[in-house]
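In what follows, chain A forms one complex with chain B and a second complex with chain C.
So, the complex of A and B:
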């Protein structure tokens, strides 16, 4: 009898349960993205929250509904605390999938506020880190025409469930932190822009930044090279020109390996082997299947030129796609090892060997 | 041909020997009858197993003619000309034939085997609790004799032992313990006998009733013996070395020991080909998991950890909960109780009306509840899924137990969220692992392939 009485009391106690953890989903608001801009009036930051509002009936909804909240404060944490007093529901950070940072902020170092995001337990480390141009607030407030109800199109760019393009760089929060703070590697973060009508999101550039060095912006071509060489993203086009023959390559497989050559315990050069497999996608002349080798050679020359350009840009800015990390990882750690690398990296010769293997001229004969 | 020589009717001394040997081997049957019939100087001897022969036929075709003819010689001639006379091959088959319902007669030092099998098909019920697509469609009857007959027809092993006792309660029902003497686990058999001896309940009316008392556990949630109505399942378990307990007047028998996984087996699994049965088994376990965990998971995710589902789903769920006045667990309890009511009503209602109950309950009320914003759309999906997957569990007893389990998990989810679901689930696993069925661990995997399993536990 006593057991039953206890059980009933326990069961009844759930009715009055309103603890701190028990919050129904309709009493929470789902933040899908956080934007950080420099404060306009004072020192500090301007935080923008993009909040997805629930849709009662997905079938009848015309489009997504979002709400935006902005607050300026000295630190990001403070702004979020103050925003809690502006909204009647619990801020749910579990669904934050994008941290959008104003491009300008990369110049002044972003360690102090990025630290906040990696420390907060409820923000998942798989959130994307994105740079915004001209400002994070503006980018967050864009609702593209292609956006459907209950979805966030901003995120579709970066997971491979939606569009897949070699121009799009993906950088997760955990990866960003490692790359940014790690020695011998720097972070590549996509830049998101908009058009004049403000109804499109455009992602085809990247910003490279690392602790202690000035960030540089990679243009479309260089971003594409980074993604295809280091992330093996396929589906890229290369334009090859030779006298009056112009053709486009459609590459579906890219493989790159590199080796750091050392002499007298000092790095002397980097040897890169890159292999491209694909077909010819477009041409202004009739092509012959027998001359594939010739086309291979033409393509190799063209690609090598672009690759050299890409690596030179990074070297000049003192930014590293990961060579230094490889060097550190494959050498016995000793004092001054990394310093030695840093010293050498700036004008380390990069020896590039490109192999292009065209499978066909792309046309049926 | 040792068997044949011993059947040689010429030798005077060997005659009683065959009967004695057969009797010795059939001793375990418990209802073997060896009886002489005589008039004046003429006599004959009959050997048969009472439960499998037709008494009327015995009276009309054997005993009556014997007294009417009143001559051994004529009687033998009469027997020889009977159409249901069976050729005797050897002693082994003779034993099998006897267990099937043949009558062995010894007249003038000769043996004659007559088929007077009792056939009781008309009183056998169609399986209603565990229907299968293939396999036998008939279940058991409510008469003990018929049931033993049915089993003997399907399991013609002389080693099948039948122990018949009478319960000491007020019903004084006849109870039979059946087992294959060669493969049965004697420890379990002893425990069953002991527990049957200890029964002191005033009234036991059915096998299900008996099962509860045999369990000897006051607050049990899961059944520790398996209640079934399928003769193929009984025979399968009999061959595997289990003890079958039958009660006169019950169309179900109960089997001991039982492990958890026994309850998840449908006899259809044996009739399908390999991949089909693997996938249906997988489906069944998935159903088991769904119907225990899903309501709890709903509460835990909706009210504690909405970050484990995709943003799109979270938005849809949040949207569908707009206007629902009560917290998620009240919503779930409300809908679960509603579904339980529906199930309970469908069981009690006469078959002709039960369709109305499901229509009114399931369709009309379900839609109306959502319209009135008493529950969310997603909740209706969860509840329907739970209800359907409960029915996937082949043994009804287990699905009743599982229905109770889900409320326990729901309580844990309500109090502690997703972590609570895990803790509650671990708790259930621990409870099951701690449970025993007649001395055998309840949650142990007895890994065996099908042919090994049929051979039984102890048969070498």
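So, the complex of A and C:
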């Protein structure tokens, strides 16, 4: 009798469960990406939504199908509320995987609207933050030729399951927040561009921004250095030139360590040790296996030059890839510790020591 | 049966990851949280030691029986009611917090009443079962969920986005005087041991209290408290982490399972911790119910041979919690939780006095 009563109660309790918190999947629409641009006519923002449209089966689909909606308003939240009146279905933000922001917006007041995305608990903190050039709306509307049904090209760049390249920076929403607001570290966000025909997406630059300093754009080479030094992304190519010999290194392992040297309780220099292991991938002359040490030295010189250039650019702009964080992490906390660092950082000498270890000249001598 | 003691302690430690403990610690991150955590662990261990030692003197007897035998009626009733209230509040804190978490993160469109009712039905049923079944329930839950929890914790620590420098910055605040709230919150991790008051009936043999058990409990507590504090900081950064209301839920949302069944770990995390939370609430409420029964003499309250007192407890507890869920705001819940934690030393003090009184009278 007891079991029977319990079974009845359990069965009855299924009545109040109707899945998806009372709204069926066909009454919902999945947003894949949100784009934000400055408003064209007034103060505020222009919000673009990229919405994935369901297909009955992947076999029948000729390609991916997306819908786009745009709305201008004073705040991002308002625009999204208005957009709810443009679409007959419930906007489902749980699947937003990319927040695409116009590059211009990084210059002022990105905190204003980034707050909205972390405050809304249904938006994933593992969504990618991407800077768009020339505008977020344009980037979102591109459907590249290589895009297959039921995939989103825009996301494949960043999720490490498709292409993997040292030119591509990945920045998650939570990472952007902690680095942008953190003292002693600044956020690196990839820039996504397009070609003239608007059928390609190109990701090989990055924008560096932090609270209280002007953002700078890193070119391809510097972006590559950032990713391989700080994110240990392998597969990077280096061009080494010496007289009439030019060869390319193919590096598959990068290891960097750094520490802050301090004298009289004041930071005096940054000491960086970097180790590269790899092979020679391309050369305009015949190479000799015995002269690998010579090639090592040539490469060390070339890489050191590029690294110095990379760090100097950041330093001049007052942006920090994480040195200040290390400084704070290795000293007992005291009042004014970070201020001391901030003051010293701009003209702190950087001492770089590069070791290159080439294993082979490839399949050819 | 000794293993159940460890289950009781560890299940409460883990349950605190989703409750208010991490937030209290993080709010005091530059006010001496580190030293407070160490001191809190030592204090918790000391309380655990004393409690086990006390119950070892009375194998198979729970606190209600001991109070009845050795102390005057007015004393035992007031102590039992005070204890029951504490047990009930401890369970309710987890319940209300978890209801708020569910509505914020898992089912934002569901009415809060539905969430509250479904949780309350499950938890109330734990009042109606035998005390021994609660122990078995703990064991089964631990067996099923501990691999998942270990996987989850490992996944968050051994992760590319886990930035060790943030953790080191947090550690560098070691040169500050310990903070009281952080201290009591860390002590709260060891609250599981107080459940011996109800469960000692099943511990017939002496519980061994050598170096090894204490080492396991101490190391375990230190491990859990450091994960509780450092994982959100390593992933969410040090400087603005105090803005997050549920640091651990946000942390779980920041971890990506590239090739997992679902990419977003939060849902997985929430479901696992839902089980842990329900278990923790059940233990506390079950304890509160037994204490209340004994205090008010509800055993005589029978109808056709059925004991109605658990049903009375279930209705009373659910009703009060229901009102709490409806009328508390998140901010109020958090500040009341902090008051409750801050009053914890009083609770432990009273426990010690009770232990002393019983021990003296028993020795006569």
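Throughout what follows, the second predicted complex is superposed on the first by the 343 of 365 C-alpha atoms of A that agree within 3 Å, B and C clash if a C-alpha of one lies under 4 Å from a C-alpha of the other, contacts with A are read in each partner's own complex, and residues count from 1 in each chain.
Definition applied: contacts are C-beta pairs under 8 Å (C-beta built on N, C-alpha and C of every residue); 3 or more make two chains touch, one makes a residue touch a chain.
Here the structure is a predicted model, which is why all the values come from computation and not from measurement.
Participant: Looking at the combined model built on chain A, do chain B and chain C fit side by side or clash?
Facilitator: Once chain A is superposed (C-alpha atoms), there is room for both chain B and chain C without a clash.
Participant: Now for A:182: first (chain B), second (chain C), both, or neither, which partner does it touch?
Facilitator: A:182 sits against chain C, while chain B stays out of touch.
Participant: By the touch definition at the top of the document, which applies to A:32: first (chain B), second (chain C), both, or neither?
Facilitator: In the superposition, A:32 touches chain B alone.
Participant: Contact-wise, after the overlay, does A:11 reach chain B, chain C, both or neither (first, second, both, neither)?
Facilitator: A:11 contacts chain B only, not chain C.
Participant: For A:329, is the partner it touches chain B (first), chain C (second), both, or none of the two (neither)?
Facilitator: The answer is second: A:329 touches chain C but not chain B.
Participant: For A:52, select first, second, both or neither according to whether it touches chain B, chain C, the two together, or no partner.
Facilitator: first
Participant: With both complexes superposed on chain A, which partner does A:156 reach: first (chain B), second (chain C), both or neither?
Facilitator: Neither: A:156 stays clear of chain B and chain C.
Participant: For A:273, select first, second, both or neither according to whether it touches chain B, chain C, the two together, or no partner.
Facilitator: neither
Participant: Contact-wise, after the overlay, does A:23 reach chain B, chain C, both or neither (first, second, both, neither)?
Facilitator: Both: A:23 reaches chain B and chain C.
Participant: In the superposed arrangement, which partner chain does A:122 touch: chain B (first), chain C (second), both, or neither?
Facilitator: Both partners.
Participant: Closest pair of CA atoms, one in chain B and one in chain C, after superposing: how far apart in Å?
Facilitator: Minimum C-alpha separation, chain B to chain C: 5 Å.
Participant: Per the definitions at the top, what is the overlap between the chain A residues touching chain B and those touching chain C?
Facilitator: 21-23, 122, 124
Participant: Quick check: in the complex, which residue numbers of chain C touch chain A?
Facilitator: So the residues of chain C touching chain A come out as 30, 104-105, 107-110, 114, 118, 121, 160-161, 163, 165-166, 168-169, 172-176, 235-241, 249-250, 253-256, 258-259, 263-264.
Participant: Report the residues of chain A in contact with chain B in the complex, numbered from low to high.
Facilitator: 10-11, 14-15, 17, 21-26, 28, 30, 32, 52-58, 92, 94-95, 97, 122, 124, 150-152, 155
Participant: Across the complex, what residues on chain A touch chain C?
Facilitator: 13, 16, 21-23, 121-122, 124-126, 159-161, 172, 174-175, 177-179, 181-183, 231, 322, 325-326, 328-334
Participant: Where on chain B does chain A make contact in their complex?
Facilitator: 302-308, 311-312, 314-322, 324, 327-330, 411, 414-415, 417
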